[in-house]
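Before anything else, here is the set of structures, which you'll find just below.
Okay, so chain A shows up in both of these, paired with chain B first and chain C after.
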Partner chain A sequence: MIDQLEARTAADRSVTTTPGARNPTVLWGVYAVWLRELKRAVRDRSQLIGGVSRPLLWVVILGIGLNPYFRGEVYGEVRFVVPYTYLQYIFPAVIVLNMLYTSVQSAVSVVWDREFGFLREILVSPLPRGAVLLGKVLGGTTVALGHGLIVLLLSRFVDVNISLARIGQGLLFMALLGFALTTLGVVIANRLRSFEGFGVFSNLVILPLYFLSSSIFPMDPALTRTQTAVHYPDWLIFLVHWNPITYAVDALRGVFIGFNQFDPATGPVVIGAMAVVLFAVAWWDFRRA
Partner chain B sequence: MRRTVTFIAVLVATVLAASFLPPDTSLQQVKKSGVLRVCMPRSYPPFVTDQGERPGLDVEIMRAVAQELDLRLFIAVNPAMGTTFDPRRWNVNRAQCQVLAGGTVGTTTTRSYLEVSAPYMVTGWAMVSESDLDMRSGTRVAVYSTNAGLDRLALSQVLRDRQVSIVVAQTIDQAEDMLASGAVDALILDAVLASQTSATHGWHFSWVAEDLSAFPVVLGFWKGDITLKRAIENALVQLGSSGRLDEIREAYGLSALWQEWRATR
Partner chain C sequence: MSAFIRTITTPRLPSLGVPCSMPLICFVHDRLSAPRPLGEHDTSTATFGPTSGHGRGRPVRGGRSRLTTRTAASVFVDRVSKRYGRTPALVDVSLEVEPGQSLALLGPNGAGKTTLLHILTTILRPDSGMATVAGFDVVKHPREVRRRIGMVFQESTLDDRLSVRENLEFHGLIFGVPRRQRNAAIKELLELVELDNWRDAEVRSLSGGMRRRLEIARALVHQARILFLDEPTVGLDAQSRSLIWEYLRLLRRSREITLVVTTHYIGEVENCDRVCIIDKGRVIANDAPDALRREHGQELLRVTVNSADAFRDITRSHPEAVSIAEDRLAIPFEGSEFIANFVNRYGRAIDAIEIERSSLETVFLKLTGSELRDEKASHTEQMRSIRRRGGELTR
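Let's turn to the complex of A and B:
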C-alpha cells in the first residue's frame, strides 16, 4: 500500500509542473507519511498492549485500590472535596496519560527513520519538509487519539455518562493535545541520536509531566493558594501550576465530568499554544536537518 | 492484516469486559443483608411527613425502590437532618444508612460530600402571594426554610438587594397564617412546599429569582458506592417507565411542578 502511494505520489509529482497544481501532490505526500505512521503503530503490538494495559492498571487497579480511602464515611466530612469520586477524578487524567505515552513514543519513528536512512530519502524528496513533519505529527495524533478512545471505553466502569456532544468536544481537545504531544516527541527525537536515549529521556519527560498535572491528587479549588500551601509545599504547587499538562487534564475534566479546577478557557488556550509553539520548534529543527 | 484486526479486537474486548467489573462492594453488601437503610429527617413535608396514609414523597419512592430491588426498607430517622447549615452536625454516617433521602438537593456542595442520583423532583426558592406580586423595596415577606440543601446565603443576598422586610416563620402553619392575615405580603418557601401551599389556598406561585430556581431533588449515596447507586438509579428508571413515580408525585400534588421543569430541559 505504501509502495503504491509512494508510486502515486511520484506519478503526481511527475505530472505536476505548474505551481498552482502543487498542493494536491503535497497533500498526497502528507497522506502517505500519515498512513505509514498509522500502519507502523497498528503493527506494533507492544504499543497496542501498552495502550490497553495503562488504563486497566491506572483506572481498574489503582483507582479501585485507592477508592475506599477517598470514600465518604460521615456526611460533611471527606478527605477529597471535589464533587466527584476518585475514579471519576483520575479518569480524564488517564486519558491524557495514555495519549502522552503514545504521542511522545510515536516520535521514536523519527529516530528509527534517521537510523535506517528513510528520513534522509524523504527529506531529499521534493515534498516540503513541513509536509513531512505534518504527516508524521498527524499520524502520531491519530494513533494517540485512538489510545485516548480506549480509555473512554471504561466510562461505564467509572460511572461517567458522556453525551455525544461532549464526546465531540472531547475528541477536539484530545486531537489538539495529541498534536501538541506528538510534536513534543518530535522535538525530543530531533535532539537525541539513539533509541535507548529516546526511551529514557521520554520517560523522564512523560512521568513528571503526568504526576505534576494534578492528575492523581487534587489542588482543591475550594481552597485559596494560602490554604493549599498548608497541604502541599510551595515548590509542588509552583510546578503543578506551571505544568501545561495540568491545564490539558483540566480541560478534559471539564468536558467529561463537568469539573474545572481552573478557568475553563485556560485549558484549550494552553493546549492550542503548546501545539503552535512546539510545531514551530519542530519545523525549525526539520528545516535545519 | 486480518491478524492485526483480530488482535486489536481482542484488546478492545478486554477493555470493554473490564468496564463491566463491579467497582465496589456496596450493592453486594446490601443484597447480602437484604435491607436497604435510608437516613431521613423526622419530618420535612412533603418529602417526609408524620401522616400514615401519606408518609411523604421520598418515603413512598424509597419503598417502591426497595420493592423493585427485592429488599426490605429500613428508615433511620435522624432528627438533626436539615436543622443546621453544617451537615457534620447531623452526624449522619455510613453505619446508619446507605442512602440519604428527604429533600436532598443536588447542588455542587452536596456533590462534594455525596454521590447523587438522577433527579426525581425539583425545588428552589419560590414565592407564594395572594396575587401576582413584584417583590421590591418595602415588600414584607415571611421566610420559612427547612431545607439545608438550598442556598440560604444566596436567598438572603437577593432579599437584601431588593430591600424587602423579612420575618422568619418557625413553622409552615405560622407562615400561612401570616399571609392569610395580611401580616406579610408574601411567603418565601422551597418550591415543593410552595407548590403545595399555593394549590391548597389558591395562592399565586412564582420563583424568587432565575438563579435560585430549579435545583434537582436527589437521593444521596456515600462516595465510592457506585454499584449501589447504579442499581437504585436503574430501579428509578423502571419506576419511571411503569408510571409509578408519576403516580407518587401526583398523590402529593407535585406533578405540575415536575412537568414544568422537565419541559424546560
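Let's turn to the complex of A and C:
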C-alpha cells in the first residue's frame, strides 16, 4: 500500500513539475483567453452592429455633410485648408474611433468577468495573472483590428486609394494602437469599483479622447502658433497636444492619405510608448489583484 | 485489506455464492476508502510522514517538519484565523481530510464556510495559521495547489456566451491539459453528468441544475483529485439537489476524489463521510454523521406555547430548554414518560407539540444553541438570483 502511494506521488510530480512543460502551458492559457474574447465579440451582435454603423454615420452623414465647408477662402481663391477633402481628412480618424470603441469595450469585460464571477474561474487556475492579461489584451487587439478593417472597406467610397504596402504599414500601426487602447481600457476597468454601464465610458473616455485628437478639425501646422491661437483658445490647443490619440490619428493619416501635422516619426513612437507604459501599469495592477 | 476487497469485487464473484448485494457494497466501500489504508491514523503519521516527507522528496517545499508529518492528509488546516475588518470570520480552525474522504462543512450562512474554502483554494490568505492542500502550503505554493484542485463556486462562474463544450475546453486549456487528454476527459465527464446532448448549446440556455452539473464536470477536466464545492445545491429545486448528490456519488465511485462541500442543508450532509459543524467561525464538531448522532444526538420535544407566562414557566422548570422563537421551545428529553408528564402539566398552555427523534438537526441545535436558519438563507438566495438575473438583463 505504501508502494501505491509512492507511485502516485511520483506520478504527480512527473505530471506537474516537468520544467519544460511550463511555458507551453502558459501559451495555451493565453490562447484560451484570447479565443474566448474573440468568440464573445463575434457572438455579441450589438457590438458588431456598432462596429458597422459607427463608421457609416461618421463618414456618410458627418463627412458628406461637412465636406463643402472644409476649405478656406484666401483673396477670393478657394482652397482647402488641408489639401484634402473632409471625407479624406476624417477617414483615418474614424478608423481610430471605431477601434477606440471596440478595444475599450472588450477591456470593460474585465469588469463583467469580475462582477459575474468568471474571473474567479481563471483565478483558481495555475495560469499566471500576466498570461491572463496578455490573452485579454491580445483578444481585444484582434477584435479592434477587425473593426478597424470594417472602416477600411469604406476607403474607395471616400476617395482614399491605398496601396498594398501602405495597408501593411497601416495594419501594423493599427495593431499596435489596438493593443495600446485595449490596455488603456483594462487600466481604467481595474480602477472601477462597480460597473455603471458602457455609456459612462463612451462619454467620459472615448469621445473626449476622440474629439481632442485633432480628428475632426485640423490644427494646421502651416499656421504659426500666434495664428493658431487666434483661431483656438489655449486650453484646447494644450489638450490636443497632450492627447496621445492625436499622434495616433496623425500616424494613420500619414499612412493612408499622406498627410502629417507632426513629424511622421512622432505617431509611431507615441503609440509604441503608450502600449509599453500602459501594459506595464496593467501588469502591475494584475499582479496585485 | 484493500487487496481482499478487490478480490471479492471481481465479476466472477456471484458464482462463488456470495450474496448479490455484497459485492456492490464492497465495491462502494472500496472506492470510497481506497486510499484510506494510507491514512489510517496512527500508522500514517508514524510511517508516512518522515519517510515520504523528506527522503522521497514529496512535494512539500519549505515546509516545517511538523507539516511533513501530515502530508498523508489531502487537506490539512492548522489553527487558521481570518477576520474582515473587526469581524472574525474564522477563529483557530483546525481540521484534516484524508485522501478519498468527503467532508461536509455545515453551518448557517455567515458561519465562515466560504471563507475557509476560499483560503483552501488560495483565493484568500489566512491572517494566521497554516493550511496545506495536496501537501502544498496554500500561501507559499498557491499555483501548485491550484493545479491539483477543482473548485465549484457558490455563484456560477461559467461563461454563458460560450457553449458547454467551449467552457470545458477553456478550463482544460488554462490548466494546460494536453489536447488528447482534454478531449477524452471532456467526453467522459459530459457523459457522466449527462450533458453530452447539450455539448454545443450555449450555457445561457441551460437550467440552474444543468449549469451546476457542468461546473462540477469542469472542475475535474484537469484530473483534480481534490474537489471543493461551495453550496453546490443552493438555489436548486429538491429534485436537482438530489441529482447533484447522485452525480457526486457517481464521480467518487469512478475515480478517487477527496470532497470538501459546504452546505447549510442539514439533510445533505448524510452524503458525506464526515461532518464539520462550523458556527461563528469556530469548529464545533467534526465527526462522522453517525458518530455525531450517537454522541450529541438527543430526542427533542418541540413545543409551541400560547402565552408568555407558559413560556416562562416551562423555561424555569426546564432550564435545558432551548428557545427557538418567542413562542417556540425545544426541550431535550429521555424516556416516553416525560412526554406524558409534560402534557399533563402544561397541556393547556400548549398550541402544538411535536416529538423529534435524534437527528442531525437535534445535534446541531444542541451544539450551536440555534437552528439552521433556512428561511433566512432562502431569502438571500432569492436576492442573489434576482441580482443575477438583473445582471443578465442589464448587460
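Heads up, the rule we're going with is that the second predicted complex is superposed on the first by the 258 of 289 C-alpha atoms of A that agree within 3 Å, B and C clash if a C-alpha of one lies under 4 Å from a C-alpha of the other, contacts with A are read in each partner's own complex, and residues count from 1 in each chain.
Methods note: contacts are C-beta pairs under 8 Å (C-beta built on N, C-alpha and C of every residue); 3 or more make two chains touch, one makes a residue touch a chain.
Because the structure is a prediction, the values reported are computed rather than measured.
In the superposed model, A:112 makes contact with chain C only, not with chain B. Of the two partner chains placed by superposition, only chain C is touched by A:121; chain B is not.
By the document's definition of touching, of the two partners only chain C reaches A:40; chain B does not.
Once the two complexes are laid over each other on the shared chain, residue contacts for A:287 go to neither chain B nor chain C. In the superposition on chain A, contact is made by A:31 with chain C only, not with chain B. In the superposition on chain A, the residues of chain A contacted by chain B and by chain C overlap at 43.
The residues of chain C lying in touch with chain A in their complex are 2, 35, 37-38, 47-48, 52, 56-59, 72, 121-123, 134, 143-144, 146-149, 151, 153, 155-159, 161-162, 166, 169-171, 173-176, 218, 388, 391, 394-395. If you check the complex, the residues on chain A that touch chain B are 42-43, 45, 48-49, 51-52, 55-56, 60, 63-64, 67-68, 70-78, 80-87, 150, 153-159, 222. Chain A contributes residues 1-2, 4-6, 9, 12-13, 16-17, 21, 24-26, 28-29, 31-33, 35-36, 39-40, 43-44, 112, 115-118, 120-128, 197 to its touches with chain C in the complex. Contacts from chain B toward chain A in the complex involve residues 4, 7-8, 11-12, 14-16, 18-21, 23-24, 86-94, 100, 108, 111-115, 220, 222-226, 229-230.
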